[in-house]
Every structure is written in structure tokens, then in C-alpha cells.
Amino acid sequence: MRVLLKLATLFVIVVAALMWNTVVLAEGPDPNGADTFAANPNAGLNMAWTLIAGFLVFFMQAGFALLGAGLVRAKNTVNYLTKSFLDFCMTGLSFWAFGYAFMFGGSKLFSGLDIGNAFIGFSGFFLASDAYDVNTVMLWFFQMVFAATAATIVAGMVAERMKITAYLAYSFLIGAIIYPIYGHWVWGGGWLGTLPFGSGARDFAGSGVVHTIGGTVGLMGAWLVGPRIGKFKRDGTPNQIKGHNLVYIVSGTFILFFGWFGFNPGSTLAATDLRISVIAVNTFLAGATGAVVAIYLSMMRTGKADIIAACNGSLAGLVAITAPCAYVAPWAAVVIGAIAPLVQQAAQAFVERRLKIDDVVGAFGVHAGAGLWGLLAIGIFADGTYGDVAGLIKGEGGQIVAQLISMVTVLAWGLGTGFILFGILKKTMGLRAPREEELHGLDIPEHGIEAYPLPEKEPAGA
Amino acid sequence: MRVLLKLATLFVIVVAALMWNTVVLAEGPDPNGADTFAANPNAGLNMAWTLIAGFLVFFMQAGFALLGAGLVRAKNTVNYLTKSFLDFCMTGLSFWAFGYAFMFGGSKLFSGLDIGNAFIGFSGFFLASDAYDVNTVMLWFFQMVFAATAATIVAGMVAERMKITAYLAYSFLIGAIIYPIYGHWVWGGGWLGTLPFGSGARDFAGSGVVHTIGGTVGLMGAWLVGPRIGKFKRDGTPNQIKGHNLVYIVSGTFILFFGWFGFNPGSTLAATDLRISVIAVNTFLAGATGAVVAIYLSMMRTGKADIIAACNGSLAGLVAITAPCAYVAPWAAVVIGAIAPLVQQAAQAFVERRLKIDDVVGAFGVHAGAGLWGLLAIGIFADGTYGDVAGLIKGEGGQIVAQLISMVTVLAWGLGTGFILFGILKKTMGLRAPREEELHGLDIPEHGIEAYPLPEKEPAGA
Amino acid sequence: MRVLLKLATLFVIVVAALMWNTVVLAEGPDPNGADTFAANPNAGLNMAWTLIAGFLVFFMQAGFALLGAGLVRAKNTVNYLTKSFLDFCMTGLSFWAFGYAFMFGGSKLFSGLDIGNAFIGFSGFFLASDAYDVNTVMLWFFQMVFAATAATIVAGMVAERMKITAYLAYSFLIGAIIYPIYGHWVWGGGWLGTLPFGSGARDFAGSGVVHTIGGTVGLMGAWLVGPRIGKFKRDGTPNQIKGHNLVYIVSGTFILFFGWFGFNPGSTLAATDLRISVIAVNTFLAGATGAVVAIYLSMMRTGKADIIAACNGSLAGLVAITAPCAYVAPWAAVVIGAIAPLVQQAAQAFVERRLKIDDVVGAFGVHAGAGLWGLLAIGIFADGTYGDVAGLIKGEGGQIVAQLISMVTVLAWGLGTGFILFGILKKTMGLRAPREEELHGLDIPEHGIEAYPLPEKEPAGA
């Protein structure tokens, strides 16, 4: 807590100092967009498209909040909701101050993003000075909601036992450092996107950049904070701990699916790129197929139609299609979506049964497992109709090499930095709520209120 | 179950065979949209509009899920949610494989939709070959979310007693056959849209194609599966069986209302068609008026402000304006919306008290009753300002003839095919869950989990 | 009730009379938009942008419904939901019939809005005659959802004890009279927007027009209806009465945040105005900062991370940035958002502890407190990059004078008309539900159903 306050104070002082020197007086070449629009009459359409898509991605935060709220026990619901709400705020602010500059500095995509190298960028801090420009600001918005998505994936994995203070610190740091640096390598002009195999590593909308990063960092968090009391039996086999509200789970999944139509098609940053219709359809088909495969699998295995498996299968399909969505044909989206729940369930079982890590909502399987499958799928199914990316089905073997390199890299980066980040937090502020708090639920001790307060008797004076 | 698996296997084989021959190698004239955009600089705007509208329609699935979840009893909530989630997945896949080709084949609207006649289309299967084109794919997306809407209307009507396996089979078949064929008649170049009365049968956004089809097919499902245990007294008068969560009901209605702004204005498929503002406003006015009329009706009749009646009244107004939304003036939207809840309530009472069919959520009144009223309203209120469609208020009598023919047709087609479909399912896999399952609720026996699991004691080893 | 029915009948007769004379036969210059589009090829883009933004603002109604439903006790949830659902319907209809004409008549912005003066407008009633035009209708839609937002703010403030009939009457009248007249002064060509200081009073998206009006009118409602039984102890100090569902509160806040991306960027009414990216980013930054500041404040004060405070802090940041969103730089949005929860909490404490008014959901602090701060902030932080509006940081002192005048005016107008409106309703139909109804909850007596009905035993005949 005190560390955080000191950091916050320091942060405010730094911001203020930076501001008075450079921000109030400086602005980019086109802070109101008049020049940009005059130069490109399609700028309005593409900006509207990008922003609206970004709004939909933002709304996915509500989906994650509901999905996770349903999957945790009632006694920890307020804790989960608080994390889920605050993480996008923290990540948004750190991505504004630092992350965006680390990620897109040097990309030269828009004004104020000039300085950077193959490993990291160094301009665009605080959207100030040359970055106070309609295009630079637009790109920030779309990228920020992606960073916030990566951040909030972790909330469900460490739910029901991580302290809120540690989680807030984590949220700030993933948006400032971990997410942007890997993002720089793929999307910001860094070394992965420019690999000399195929078209370089491709990840259209972030199966790797967003989902695998979130899933791997969260795995380290879940490991270092330890499993919930009672998750594993003495012999190491897992107990199933049920959530408390299936309506929230399904509603959250619907909202996520809805938001994905911003996530994937919006990643063109342009509605003048008509491939958006194929991207939207691929997104739908993969998500729908994932759900159908998962529900029939569960019926075959247990005789029960497991709706939670269907939701996760659907999300796995969506995560898997996120990287290849622009590069493949609809039939391939169905195949990718059909395989996704298999990968997801295998990854989930591996984490729970082999690694004995307590990933409360099964996010590693959905986001990292299916995310890696999505990266690989580009190397197989890309059909050359878009962006000159072609995979094995077109007889091209170079792309899959680039994809494999990016898969190894994202795993190493996510697990490595996740370990360091949560390791430092564990040593300094501590990760774990006290045992009694966990047994009774974190809501009252950490937040002072339950998710479902019961009415009190009418107070005196009534 | 086994039948389904065999069907699924057969389906996969057919798909695979089709794919290896025609899909991997074949593509439409413009799979990435470069040519289309070069030919029409407004293509980006219109595609963005259509896709975003489609996203909103997709989100209506969440509205149906919440609305129905609130209207059923807690013990069947997981069952309802599973149906509501899986039906759009199943319908989406069957519409991809077959439905779209049956509906728009022969319409020649876009590449790959060439073959068909006045009764049915035969090209565009799997979005493959010539149909792998940005425009064809765009239209598919918008049409698919409509098909999925029709499908999910049924979930609420047969809730609380239909087996999940039968429901999944139904969902596949409505999207493959029932919905597309009637749709072909009205929107795909078929005989209803080209009737020699007025401008031919008109149904701008689907009061008939979507809502009346859903409501009539569902009525046959509800009839053939039989009423819930306890719905009707021995003397045949109905008992009121309350749902379990009013917050879900109202939230679901809000989401549906929101999604309707995609449903109706999006049906122009073009933002260059500025009538979209009138359509949006008509949509709002009819929905708002429906709610207001319903709430005052309930207050006059019972002294209580019945929020469920208001929600249904609002939805009835929205369904009713769906067909005429583009053809009428705002004042007419108010009139159409005011009459809609009267029609809806009369239809609902007729189903429950005369037909003694147990339509759990009252969807027949909302979707079929108000849907038919919407078809008729075009013949009365169309004012000639758009699409050259004019009704009685302009002294034109031809349009209402076309509308009446389409009303009779949609009733006959929906009830007829619904009867055949659910009749076959009843004879083969069976429609009804066992009596004990129904009494205790379907959630545990069919899905293995309740909607609101209670916390277990801390497991041994804690 | 009877008064309402008479009013309604009168209303219908007036409408009908007006209609048969002027509406059926008359239409504006361009009811289908063909001429408008021919004259301005960007009209489609800007209309799509405005409508989609309006859809998002409409969806905020669902956010208010959920937020308030969570903040009231379970026993009054149906009552709150009914108000929250019906108010936008009533306001929408009264804004259609009267409000829009009072607000934009004389603005000459579009066809049919010609007649009016600096105090009030007088044309555009019923969107009829010359106002039946695509542009006039588009503007109506966007403005109507704003009016409905102002209306629904009040629902939470008077919750748990105001009669539904009185509330419905209020909803009609705020949309017909109170909201539009102040709106006319600022946005409709009235005297505030044309003040000879700075650029005249500015309120880009309605911190004052929408939020402060809602908050001040609601304060009078909450005062005149009196506090809930048990809210204040005999010595006048307040009791805390908890809501009943934190998941609804957080979900509602997420939806509101999402909808705000329509509210603020949409207020350009044009996507060709590329400032929309800066507006979206400012909106996000202020909302995120408000939440972060509020959560750390609560942790410092009580050691608990108060999620309700964070939600309100976030909303306060969003309300505060609503007026200045287009005129300030991102860094200023952070500062405005950081200060907003301080103003909001001070205003809330003042209302509860000094005025001893029972504002159930704390809406006065959020909407009026932060709203006034937003109006002021333009005078400080506007940086001259947009719309030629510059404040103190650019060395300009004129703007803040105009802002201060508008702040005094909105307070006087909102409190004054709110007092008159609720005073009249109190004298005529009465505001307060009977004491026994309030003690047992309004849901059964006013609505005949609880929010969470329990299953009955299987009825006889099962």
C-alpha cells in the first residue's frame, strides 16, 4: 500500500513535470484532424470504424467481468469484480503514460512515434507533444483496449485468493512493460514481424500479442500465489470448485463474442479494407464451431450437455481465429474453430493435473492454449488472398517457421516476465490474502461489502 | 444422440469432400475486396454499416438468453441457456453449409449466388468457390444473424421440458431449410417478393421472415412437446407459472431493443441510403409506444404496473414495426406500436386459453401475432416516400393484397413445416424430457449443474 | 391515474387532429434522403456515425437500469426497473410530440426547425410536415436519447418510495418541457450558447444539459418525496442502506462507460470531424482516472477497496469530461477525471449530511456535482485546438465567465423547475407510496410481482 502510494506520488510528480514543460504548449501536427481529412477523404470512415471497433473491444471488459463473476464463489465476487473493473483503468493509464511509447515508438506509423529500435520504442509518452494528433490518438485507443484485454485475462486465473493491492500493481505493470514490449516485436516494427520467413511472424488481431500474453503471465501469477485452499487433495488430484451463477457465465460469454466483432474486423484499422466481411464471418464461424464441438464432446463423454464447456469452447474458437482471421477462408475458420476446444481442454488439463496450478476460470487453456494454436494455424491455412500470407495449404513452408518462432518467443516472454513480475510482487507487497480471509471470502475483509447484501432490519427511528 | 452423431459425421465427410475439390483452390472474383472498393468508393461505408448492424443483431442473442432465463423457473435455467447459446451456433453452421444457398441462390445479388428459381436457390453452399467474395460473405453475415434470431425465438416457447438433443437437431434444421425457403420467397428473388400486387409482398426487416417464422414454428414445437406439468388445471384453464428473475427479463428486453437498431436500419445494407434515420426513429417510437400502452393497459385492468407486460408490449411494437419501418412516417410508427400490444395480448390469450398450448415466454403473441400485424401495416400505412411502396392511406389498395397473401403464406409455411419438423423429431429422437427430470428441473439431469450452485463445504485436505 | 388517463386521451385527440390535417399529406423536402446524399457525399458516413453513437447512448438505459437495480433493496427492484424502463419511453414520446420543437425550433439546423427565439423554439412538433426529413429525424434521434438519459437519472434518486404513476407523469414532463428549454438555451440557438464571453457557454456533450439537469431535478424530487423510512436517525444522521446486488452495479457501470463512447464522440454528429479520436480517448482517460482515484481514496480512508466508490468515481469522471471532451488535451482529461470523484463525494456528502436529502444512488454527486465541474473545466483547460475554445491555461479568461453563467443558470433552472414539477405532482396525484407498501416493498403492491419469485408447489392437476 505505502509503496504504491509513493509510486503514485512519484508518478504524478513526473507527469506534472513533463506536462508543464512539453504538453500544455506542444501539440502534434494535426490535433483536430482538419489536415488529415483534407489529405484523405476516407480518413473519417476509417477512424469511425476503428473507434467503433474499439468501443466493442472495450465492452469485452463487461464480458470478462460477468464471466469471471459467475465462475467464482459468491464470497469472492466483489473481489473479482473490483479487480476486473480496476485492471482496465490501471492498464489504460500505464499504457497512456508508458506502454504505448514502448510499443509503437519507432513504428513511424503516425506522428510522434518516431524513436525506437527492433526491441523497444521510446516515443509517444503521455500522448503529448507530437503524439497529440488525431491519428496517433486513434491508434492509442484501439491498442489500449487490447492491452486492457490482456490484463483482465489474469484476473480470473488468480481469483479468490490474490490481494487486491498486488493485483492493482500487476495491472499497472503489464500495461506499462510486459504487454507493450512483446507487442512492439510483432506490431510495432520489431524483430518478430520482420523475420525473414514467409511474411514475417503474423498475428492479425492478437492470438499471441493479447491472449497468449495474458494467459502465460496469468499462469505465473496463479502458480506463485498458490492454489486456493481446498483446490487440490492431499494426493494432488484436483477438486472441482463450482462457481455460483451460470447466467453470468453465459451472459459474459455472449458479450465477449459480441466484442470480438470489434477485436478482429477492427484490426484492419480501415473499413476501406473490405476484407472485414471475411474477418467477421471467420470470427463467427470459429466461435460457433468451438461451442458445437465442445457441447457434443461433453455429451459423448458424460451424457451431459456442459454449457460451461461450450462457453469455453466458443471462446477457444474465437481466440484461435484471432491471429489467422484475415488470412484464411471460411471453411478453414470452421476447422480452426473445431480444433480449438481440443487444444484448450488439453492445455487446461495439463495445467490442472500435471502442473497442479489452480487456474480458476480455465483461462490458460482458452487464451494461451488456443492462442498458440491460432498462431500456428496461420502457417497452415493462410491462403494467400490477403496480405500476401500463405501457408502449407498453398505449398508455402516459410510462414510456419516464422509462426513457430513467434510461438516460442511469446511463451518464453510471457512466462518469463510473468514469473519476474509476480515474483517481485510476492517478495515485496505479498500476493496472498490471509488464510482466514480466504476461508470466509475476500469480499468483507478487502472490500467491506458482500456481493449480495441482505436487508437489515429497519433501523431505529423508522 | 446416435442419429445426430451419424448425421454430424456424414456432414463432416460431405464438407471435407466438397472442400478438397472446390474450396482450397477456388475463390470468388474478389476475396479481399480490392476490386470492389476500386469500383465503388462507398463500398467501405456500406460494408461497415452492414457489419456493425449485424453485430448488433448478433447481440440480440444475449437479450433472448437473459429474457428467457428470467422467464423460466430457476431449476430449468441452465437448460434454457444452453439452448439459447447453442441454437445460434447450430443455425449459423447450417446456414453456412446449406441455408444461405437455398435462400439467396438465384438472387444474383452477389458473386456465387447465380442458381435458383422462384421456389428455392441452389448456389453459395459453404461460402465456397465463387461465393468466397467480400460482398457475398458480407450478405451472409447479415442474413445469418437473422436466421439465428428466428431460431432462438423457439427456445423460450418449448422451455422447461424439451430435451436438449432434440432442440439442437431442430436448430440445425430451421437454419438449413425452414427459414431459408420462406426467406427465398420474400428476399431471395422468389415468388412472394415479385407478386403482381402493389410492389410485391414487402417485409423490410423481417416481421414475417424472421419473427412470424420463429413464432409459428415454435408454436408447433410447444404443441407437440406438450404443456409443462402443472401448466393447465384439470378443467383446462391455465395456471400462471412465474419466472424467477425480473432483472434478467428487463435487461434482456433492453438488449433486444438495442439490437433492433441493427436489425431494422441495417436492413438497408447501405448507409448511403439516408432513410436509415427514419427507420431508426420509427423503430424507437414503435417500441416505446408499445411499452407505454401495455403498462397503462395493465394499470387500468388490474391496478398494477405490469413490467413483464410492458416488456412484451415493447417487443411487440418492435416486431410490428420491423416490416414497415422503412415505408412509414414517424406518426404511423406510433400508431403501429400502439396497436401491437393489443394484437400480441390477444394472440397470447388465444394460444393459452383456446389452443391450450404452453408457450412459456409468450413468444407467439410477440413474434407471430405482432409480426403478422407488421406485415399488414405496410398495406395500410406505407406513404410512398420510400421504395415506391404505398398503402391505403395513400389510396392504394394493391399493396395490402400482396401483404395478405404473404401473411397467409407465412402462417401456412411456419405452422406446416414446424409440425413436420417437430413431428419427425418426436417420432425419432423424442422431444420430451422424462417426467422426473421435469419435476426436479432439467438442469442437473441434462447438464450436470444448477444455475446457482451453492458452495460446498471446504473439501478434505483444505 | 384518472388525471393521467384524461391527459392521455386529450393527447391522443390532439395528435390525431394534428395528424389528419398536416401529417398524412405533408412531408419535408427530403424524407428518403436522396437529395441530401446527392448534395453531400459524406452525409451517409455522418449519419451512420450519429445513429450508431445514438444506439450506444440508448444502451446506457440498460446501464442505468442495472446500476440502480443493484443499488436498491430487493423488495423495490421491480419498481425501480419499471421506472427505469418506462421513463425513456415516456420521455421519448413527449420529446417527439413537444420537446424537440421547444429545443431546436428556431435553430434552423435542419428542415422544419425554423421558428423560435432565444428562449424557446416552436417548430418540429411530432416530426411532422417539414420535419419529416432525414436530417431532422436523425438529429431528433440523437437528441432524444440524451433527453432520455436526463430523465432516467432521476429514477435512482427517488427510488424505493415514489409512486409509479407520479414517476410516469414526471417522465413525460421532463422530456416535454424542462430538458428541452435549457437545452435550447445551450444547443438550440438560445441565449447561453451565444453569450458574448469567450465562445459563448460551451457544453460539448451535455455535462450541464443532460447530467446537471437530471441531477438537480432529481434532487428536488428526492427532497419533496422525502427520505425513505429509516434513512435518517432521529438525530438526523444518515443510516447506510445497502443495495442488494453488486454484480448488477458493476455491470451497469460497464454498460454506462461503453455507452459514453456514443455520448461524447457522437456529439460531433460527424465522423468527418476527426477530433472524435481525441474525444474518445479523453472520455476513457477521465473515466479510468476517476475510478483509480476513488479506489485509492477508499483504501487510504478505510483500508477497504470500495468498488461502489470506484464505480461512482468512474461515472463522475465520465460526467465531468462530457462538457470539455472536445476542447481539451488527454493530459487535461486525466486531471479533470482525477478531480471529479472529489467533487462528487463532496456533493454527495453535502446532500446527505447537510441537506438531509435521501438520494438513494448518489446521483446528485455523480451527475450534478461532476457535471458542474465539467462545465467549469472548459473555462480552465480548453486549449484552443478545437472550435476556437480556449481557457485559462491559454491565458484566456472570457470562456470561464460564460461557463460560470451557465453553471448558475443550470442550477437555478434544474432546481426551480424540479421544485415546481414535483411540487405540482405532490399536490395533485401525490408522490409517496403508502407507508405499509414502503415497509414491505413496492414490488407486490404496485406491480404484483417480486424481482425474484420463488417457485410455487406444483399446482393441483400436475
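Going by the order they are written in, the chains are A, B and C; count residues from 1 in each one.
Just so we're on the same page, a contact is a pair of C-beta atoms (placed from the backbone, for glycine too) under 8 Å apart; a residue touches a chain by one contact, two chains touch by 3 or more.
Quantities reported herein were computed from a predicted structural model and do not represent experimental measurements.
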| item | value |
| --- | --- |
| Arrangement of touching chains [line / ring / star / complete / other] | complete |
| Fitting chain A to chain B on CA atoms, where both chains share a sequence, rotation angle to nearest 5 degrees | 120 |
| Inter-chain centre distance, chain B versus chain C - centres from mean C-alpha coordinates, in Å | 33 |
| Chain C: positions in contact with at least two other chains | 45, 48, 52, 245 |
| Residue numbers on chain A that touch chain B, as the complex places them | 42, 45-46, 48-49, 52, 56, 73-75, 229-230, 232-234, 239, 241-247, 250-251, 253-255, 257-258, 261-262, 265, 270-278, 280-281, 284-285, 287-289, 291-292, 295-296, 299-300, 302, 304-308, 310-311, 314, 329-331, 334, 383, 385-386, 393, 439 |
| Sites on chain C touched by chain B in the complex | 1, 4-5, 8, 15, 19, 23-24, 27, 30-34, 36-37, 41, 43-45, 47-48, 51-52, 54-55, 58-59, 61-62, 65-66, 69, 77-78, 81-82, 84-86, 88-90, 92-93, 96, 126-128, 132, 134-135, 137-138, 140-141, 144, 164-165, 168, 245, 248, 446-456, 458-462 |
